Structures are given as C-alpha cells and as structure tokens.
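One chain, chain A, appears in both complexes that follow, with chain B as partner in the first and chain C in the second.
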Partner chain A sequence: MLRAEGVVVSYGRQRVLGGVGIEVSPGQVTGLAGPSGCGKSTLARVLAMLLKPAAGRLTVDGVDVRRWRHRVPRELRGQVALIFQQPRLAVDPRFTLLDVIAEPLRAAHRSIEHARELAEEMGLTPELLSRRPHEVSDGQLQRACVARSLTLRPRYVICDEMTTMLDASTQAHLVARLEAYRLESGAGVLAITHDDELLIRWTGPSGGSIRHLSEMAPAA
Partner chain B sequence: MATGVAGGLTRSRRRFPRGAAVTLVLLLLAVVLVPLFARLDQQLVDLHAASLPPSLRHPFGTDEVGRDVLLRAVYGLRVSVLVGLAAAVVSVTIGTLAGLAAGAAGGTLDRLIMRIVDGFNSVPHLLFGIFIVALFTPSTTAVVVSVALTHWMTAARIVRSEVLTLRARPFVDAAISGGSRRLRIVRRHFLPHLIPHIMLAAVLMIPHAIWHETALSFLGLGLPAHLASLGNMINDGARSLLAGNWWASLFPGLFIFLPTLAISALAQYWRDRSNPRWRSELQL
Partner chain C sequence: MKPPRLRVEGLSVRFHLPGATVRAVTDAHFEVRRGQCLALVGESGCGKSVMAHALMGLLPGNASVVGAAWLESGDTPPVNLIAAPEKVLARTVRGRRIGLVPQSPATHLTPVRTARAQLTEALHELGNPDHADTLAERAGLRPSDLDRYPHQLSGGMAQRVVNAIALAGDPWLIIADEPTSGLDRPLVEATMTELRRLADDGRAVLLITHDLRAAQQVADHVAVMYASRILSLEPAADFFTGPRHPYAAGLLDALPSRRFAAIPGQPPELTDLPEGCAFRPRCARATDDCGRLPLPPLGDNRVACHHPLESHVAR
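Presenting the complex of A and B:
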C-alpha cells in the first residue's frame, strides 16, 4: 500500500497541505478530487517522492521513505510512477517520443524493446516515435507519457489530471490502457482530477473510494 | 499588427549574416595564409620608410619605424585569435564545470562556489589580469592564463542559472521518477540544453579575450613590445597620432572591431538556429 500520513507542505509562508493523509491500495483505483489550487499536484509530488514534505510520513508497501528525489533508491523510485498534467512540460523537448518512453529503461541499462511494445499498445506508430514533442499533439504526447510511466512496471501509478484538455476519445483510451495495466499487474492507481463524472466511472469497477482533498485537511 | 512586427523581427534574426561570415573568413584566411607567403621580421626597422600614409605598396601605411602596418596587423591578429581561442576554451571549461556543480548539487556547494565567483568578480578584471601576468614573464601563456582566470565567472553564472531553471522543469522530475541518477540527468538533460549557451559564451568570450589581450599589450604587460600584437600596435600608433599618422592605430583597431562584430552576429544566429523548434521550422 502507498500511504501518506500527516503530510504538511508549505511554499514559503503559504501552507499548501496541512496534515493530509491518503492510502492507495494495490489493485484499486483511488480517486482524489478537489478544486484547483487545493494542493492535489503537491500531494502527487510527495507521493512520487519528488517533494520532501515539512512533516508527515510516506510508506511504499511498508517501506518508510526517508530520502527524497535523487536520494531515494532507484528501485523504490521505480515503484511509483507519476503522470503529469501537462505532457508538453513533462518531456525533454530535445528527445524523440521513443527517447521519452525508453529513458527509464536506458537509465536502468535495460533493453528498450519493451518501450516499442508499449508505444504500439498506446497507438503510437513507428513514424510518430521518431518525432519530437513539438511535432505531435498533446494527446499523442500524453500517450507517450503514459507509456513511459509503465515501462518500469510500477506498483502504483499516480495520474495527476492526466486527461485535462484532452479530447474524449484520447481520454477514454488512456484510462482504458491504465485499467488494463491495473488488472494485469495488480497495481494501485491514484486518479487525481476535478472531473467528478470521470472519477466515478474510473473508480467504480475496482470498488475504490473517492477522497476530496479540501475536506481532508483544509490548508491552514 | 503585433504579430507582423514580431514575425518580421523573427525572420530578420533567422537570416544568415553573410557579411559577418565573409569578414570573418577573410580575416581568418589572412591569419592562416599570409604568414606562409610573407614572413615578418619582428626586429626589422626601415627608418627611410617611417610613417608613410596608406599607398599601393603599403595599403595600411607604415609605423614610426617603417614597419608595414598591414603585415604586422595580420600577425597581431594571429596572436589575438590564438589567445582568444585558448582563453575562451579554458575559461568556459572552468566556468561550465563550476556552474554545473553549483546548479546541480545546490545547497552548501552552490553557496561556496558562488561566493568564490563573487570573490573573483569583486576584483577589477584588468587589475587582476595585470597581477597574474606580473607573476610570469611576458608570454602568450601568461596572457591566456590571465584572461581565463578573470573570465570564467561569466560562464559559471550562465550555466548555473540555466541549470537552476532546468532543475525546476517537470521533465527533470519525470527523469528522477524514472530512476535517472544525478549524473545521468546532467548528461542527458542538462548538458544538451546547455551546449548552445556554453558555445555562445565561448564564442562571445573570443572577442572579449582579444580585447583583454590587447589591453594588456597596450599597457606593456602582454607580449614583448617588439612583437606584433594589436595592443602593441595601437600603443605605438597612439604615440604618432598627434603627428597626423592616424593609420598606425586605426587599422589595428579595425582588426579588433571587425572580428568582434562578426563573431557576435554569427553567435546570435547560431543560438537562434540551435533552438529545436526553429530548426524544425527552418527545415520545412
């Protein structure tokens, strides 16, 4: 289980998260809702071990996270994948789509064949894989980001508003692909969005719950 | 309207600066080829031909001891270009390593490196350069060391600020999340983004180094006074300026001014060209 307890995050004097806790169970889709600016993305970065909270505790399958960002052991980092809200900012503009997807595999000194398979499953043709981010649409780029997040077969996938601004068919395709991965691997998914209808549809099949961040812990 | 103006500026910035390229190529060809065909005897003086104005025999005239200004200016530019290139490579290498270490590591190391940069910056460059060359006998190496040690801070600041910007970009977060170690992020994400800035800093450092070398030579602290260097020539020419011999300092001055402008124009074009989005549009 991916569990955060009493997470406190402040940006300067502005407290963004005041003692928030959340649990993401393996095999389930947990929903996280809340209005813009309430700290959903901040919590996502804490759960992905990218942001050290001022206080609180994070555990991944019972393992205490004591270090953050680069200092987290690589194996532990690979357990939690984060899909960002804006794919255009989440990819190196100098990379081709294949580089984007294969980078985690290359960093782990593994074959990139799995990246090609994932790209194919995401509907990215070989021709698209040779293009750079500014030569493809947001939807195609987000497909590459989803493929990248799955290359290391994470135990938990955090989707931070990943379907915002995407058309309905791309949205449905991305959710379906993540659902297939969840069912096949037993991974836990944290779906963060302020689209209540999507959350209900997404969390329903797995029997997961929906949490509202603003109700959990109002910022002090 | 605004779009049209912006578009016009963009188009003009993307146009290849042919004049600058031709100027630079001609000067570099002169620096490389002229010494092969016309040897300069640095000791030779000809008082019968002293202070002759520009003519067909001496296109840039002669100086107060009868030496051909054109030939000496070409030899002087050769020294300046060598010093400029060597100093630019050394200073930008030091600056890049310092800036990368400061920006990528952050924390105490960042503060320490930046205080060292502040320390070097707090001393006037020329004064510090004079102190360094005073430690050595006058030579090209002393001038290169002087220029490099007084100019690495600019590259360090540029690289550090770029790394700090890159560090905050979500794609670096994605790389960390994907298991990349710090060195890999430096190699795969930081350096490719930094190379245009580093190259630009290096290229712009060349005229700066030429100016610094000229200033040291002008003050009599660069190369030995009898050797042809642009600084020495301007210094010599300045003495005869009141006698109306304008050519002895003007032409060496132009040999500094023209490559400076040409390099700046080409560096600007290259920086714009290295932007992947524009490069892609240019290929369409």
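Presenting the complex of A and C:
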C-alpha cells in the first residue's frame, strides 16, 4: 500500500493541500479526479517523493518516507514512478530517447539492455531511439516516458494527466501497456485525470475506487 | 455578393531540411462558410497545426507552399492567403478577417499587464472604436474582470479574454488551434460552447484539435488528417455514427466511451511517407491496391480510401 495521511502543502501563503490522505493498493487502479488547480499534481509529487509536505505522513508498503527528492534512499526511490502530463518538460532535451529510457538504470548502476526491450514493447523502433526529443512527436515522447517509468519495475505508478495531450489511439495504447504491467507485476496504479469517461474505463477492470480531490481536502 | 467563405484548394506545405524533406500538408481541399464549424482532427505531428500557420501566413522561412487558400470576404476581391504579401496579411487579414484563438491563454497573455490593457491595445491597433467593456461583455466577462492580471484569472476567464482579443477586429473567420489542450472537462465544454456561439453568430470557425469529444460538441463537419493528408471530410453526424474511413473508425473506437482499443502500429514519418495510402500498414482493410494506386481524391464520397466502410452501418 502507498499511503499518504494528513498531507499539507503550501506554496508561499497559498495553501494547496490542507490535510489530504489517499491510499493506492497494489494490483489496483485507483482513480483521482478534480478540477484544474485543485492540487492533484501537487499530491502526485508528494506521492512520488519529489516534494516534501509541510505536514503529514507518506508510507510505501509500510516504510515511512523520511527523506525527500534526491535524498530518498535508493531502495525506496525505485518503488514509485511518476509519469507527467507534458513529456517535453519531463525529459532532458540533450538526451536521445534511449538515454531518456535508460536514465533510471544508469542511476541504479544496472545494464541498460532492459531499456531496449521496454522501448520495443512501447512500439519505439531502434531508429527512433537514436533521436532527441525535438525530433519526435508528443506521442512518441510520452511512449518513451512510460517506458522510463517501468525500467526499475516500480511497485506503484502515478500517472498525472498522462494522456491529456494525446490522441485517442495513443491514449488507449499507453493505458493498455500500463494495464499489462499491472497484471503481470501486481503493481498499484494511481490514474489522475479530469476525464471522467477515461477514469471509469481505466479503473473498472481492477475494481479500483475513484476519489475526488475536492471531497478529500478538509477546509484549509 | 457571394457569402464569405474560406476555400482551400490543393494546399501543400513542405519543409526543406538538410538531407530530408518534411511533407507536412499534402493536397488539402476544404471550405469553411459563415455560420459553420469545421473540425480538423488528427494526432500530434500529422500536420494540422502547420495548416493553421499556413493560413495565417506564419510559416518559417524554410517552408515551401503550393496551392491556394482563397479568403472570400464578399465585400472585397478574394485574397489568396498563400500568395499575398506580408503587408496585405498584416494590414487587412490577421485580426481583421481572421482571428486566432491560441493554444494556451495562459502563455498567450502577457503576465505583466492587465487583461484590459491587452484588449485595449488590440482594439486600438485594429482601429475598432468600441470600448473594451463592450467586447468583454460580449465574450461573457464582467468589466471588472478586465482589471485583473492573467494570473488572477481562472482558466475559463483567461479563455474568454483571448476570445475577446481574437474578436477585437471583428473577423468573420476564427481559427482555433488546440484551444483546449490541458483544460479540464468543464472548461473544454465552456470553450466549445463559446466557439459554437461564434459560429451561430454568423462567423466561420476552423477548430483544430485532437479531442474528438470536443469536436463532437461543436462541429458541423469533421475533417480527419493523417500523415499530412485529409483522409475524410464528412458531416459531423455521419462521422460520429458511421465514419467511412477505416482510420476515422479506428480513432473513434479508441475512445474510452467506445472500445478503448488502440489502432495497431504508429504513423509514418513525414520525411518518409510511403507510396499510395499512408495508413495502409495499420489498416485491416488494406489490399495490394492501396500501396500501388494513388490515393483516390476526396470526391463526392468525401473519403480518400480504396476500401471505405459502408456508411451508417450499425457498429
């Protein structure tokens, strides 16, 4: 279980999350909905250990997260993966697509062969892997980001508006790939999107619940 | 006097790069009339934004364009947007006959000036004597909203501000290039309602989007673009109930509210388009003909396919 309790985050004087909790169960797709600007992405960053909350608690399979961002211990760091809304802002423009996908493996001092397999499963050809982000479409770049998120076989995958920028067919492909990973690995997925039809379809097969952030946040 | 319309005839755009040519738009034919909304749908990288830029005369210097895009305003001789000099486009077309609703209001507006300052500037530059408040009210804003800075506006209000600026010169053609990317569903619906209202007021609207649900809300006609070509152009009611092009059918099938099944494979590179139909490698209906014969032109049957689906088949 990936569990957040009483999470409080403020940007300056603006309180974004006022004591929010959420649970992501292994093997299930949990949905998270809410209007623009309600703090969904902020909560995603806390769950991925990229943002230290002002108050509250985050546990990954019962292990307390005490250090954040680059100070997260290596054994915890690979457990939670985050896929962002805008792939162009989520990759280093100097990297080739292969470097993008292999980056977590290099950081963990592992062989990068696995990266090529993942790329192939995502439908990225060897020719595409030698290109840089500005030479590929948004859809191809997001495929690389999904492959990157799976390289260290995370226990939890957080998808923050992963397909908002993409056409219907690419959206269906990426969701199907994550569903295949969930079924094969038993990982938990948090699907964050304001597209209600997508949420119902995505959470349905695993029987996961859909939470609405505006309902979860107690008055700040 | 003929009714105003935009008539695009055989428009092609190529970008010449060292060692490669990008075929971004190939032989596009369509028209948009007053009171109508045409949605141009397709995945990212299929050339639909390049089309919008070509119509506005905003392509970079390495582009070569052939064909014509006639802007027939009714009161003046038609202007060919492709061949017209920059002076003509700047002084008589952009802002005055064509208004652009941009991709992201948040980045289109200057953060350091109020909405009023930006709208007033547009009115002044375009020689419109109307007061900013009048335009704001027409766009569904309170006059006091204009005194805010962009960061103080909600997404929906910022959208209305850029709509008001797009309308400052009273253009009759609106080009909206992905106006909803990154907006949540209620905002998408509000934006589409605004566009529909503009069409109902007697303007022509060209909506460029990858969001089929948004297109369904406003479009009278839907053009599907794939690998630089318009593959089908059908009335919206026909498109959403029984599309005739296999690619259009595949896109609709991929919607979460339908089969949620991806089209196998990926689109070809625009630098390396195959002979014949570019969708052939991904198409279940493809035969050898599709690779050899040139693609049939969009004719009366409004679909560029050798083996189109029967119309109005229960799916």
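What we mean here is this: the second predicted complex is superposed on the first by the 218 of 220 C-alpha atoms of A that agree within 3 Å, B and C clash if a C-alpha of one lies under 4 Å from a C-alpha of the other, contacts with A are read in each partner's own complex, and residues count from 1 in each chain.
Definition applied: contacts are C-beta pairs under 8 Å (C-beta built on N, C-alpha and C of every residue); 3 or more make two chains touch, one makes a residue touch a chain.
Bear in mind the structure is a predicted one, so any value in this text is a computation, not a measurement.
Asks: Tell me which partner A:Gln171 touches in the superposition: chain B (first), chain C (second), both or neither.
Replies: In the superposition, A:Gln171 touches chain C alone.
Asks: After superposition on the shared chain, which partner residues are touched by A:Val9: those of chain B (first), chain C (second), both, or neither?
Replies: So A:Val9 meets neither chain B nor chain C here.
Asks: Of the partners chain B and chain C, which touch A:Leu43 in the superposed model: first, second, both, neither?
Replies: A:Leu43 contacts neither chain B nor chain C.
Asks: With the two complexes superposed on chain A, say which partner A:Ile200 touches: chain B (first), chain C (second), both, or neither.
Replies: A:Ile200: touches chain C, not chain B.
Asks: Report for A:Ala144: first if it touches chain B alone, second if chain C alone, otherwise both or neither.
Replies: neither
Asks: Residue by residue on chain A, keep only those touching chain B in one complex and chain C in the other, then list them.
Replies: Residues common to the chain A contacts of chain C and of chain B do not exist here, since the sets are disjoint.
Asks: Where on chain C is chain A touching in the complex?
Replies: It comes out as residues 42-45, 154-155, 181-187, 210, 212-213, 250-252, 254-257, 260-263, 265-266.
Asks: Looking at the complex, which residues from chain A come into contact with chain B?
Replies: Residue list for chain A touching chain B: 45, 48-50, 69-70, 74, 77-78, 80-82, 84, 86, 89-94, 103-104, 107-108, 132, 134-135, 145, 148, 151-152.
Asks: What does chain A use to touch chain C in their complex?
Replies: Those in contact with chain C are residues 35-37, 85, 123, 137-140, 161, 164-173, 175-176, 194-198, 200-202.
Asks: Which chain B residues qualify as touching chain A in the complex?
Replies: 169-171, 173-182, 184-185, 188-189, 192-193, 276-277, 280
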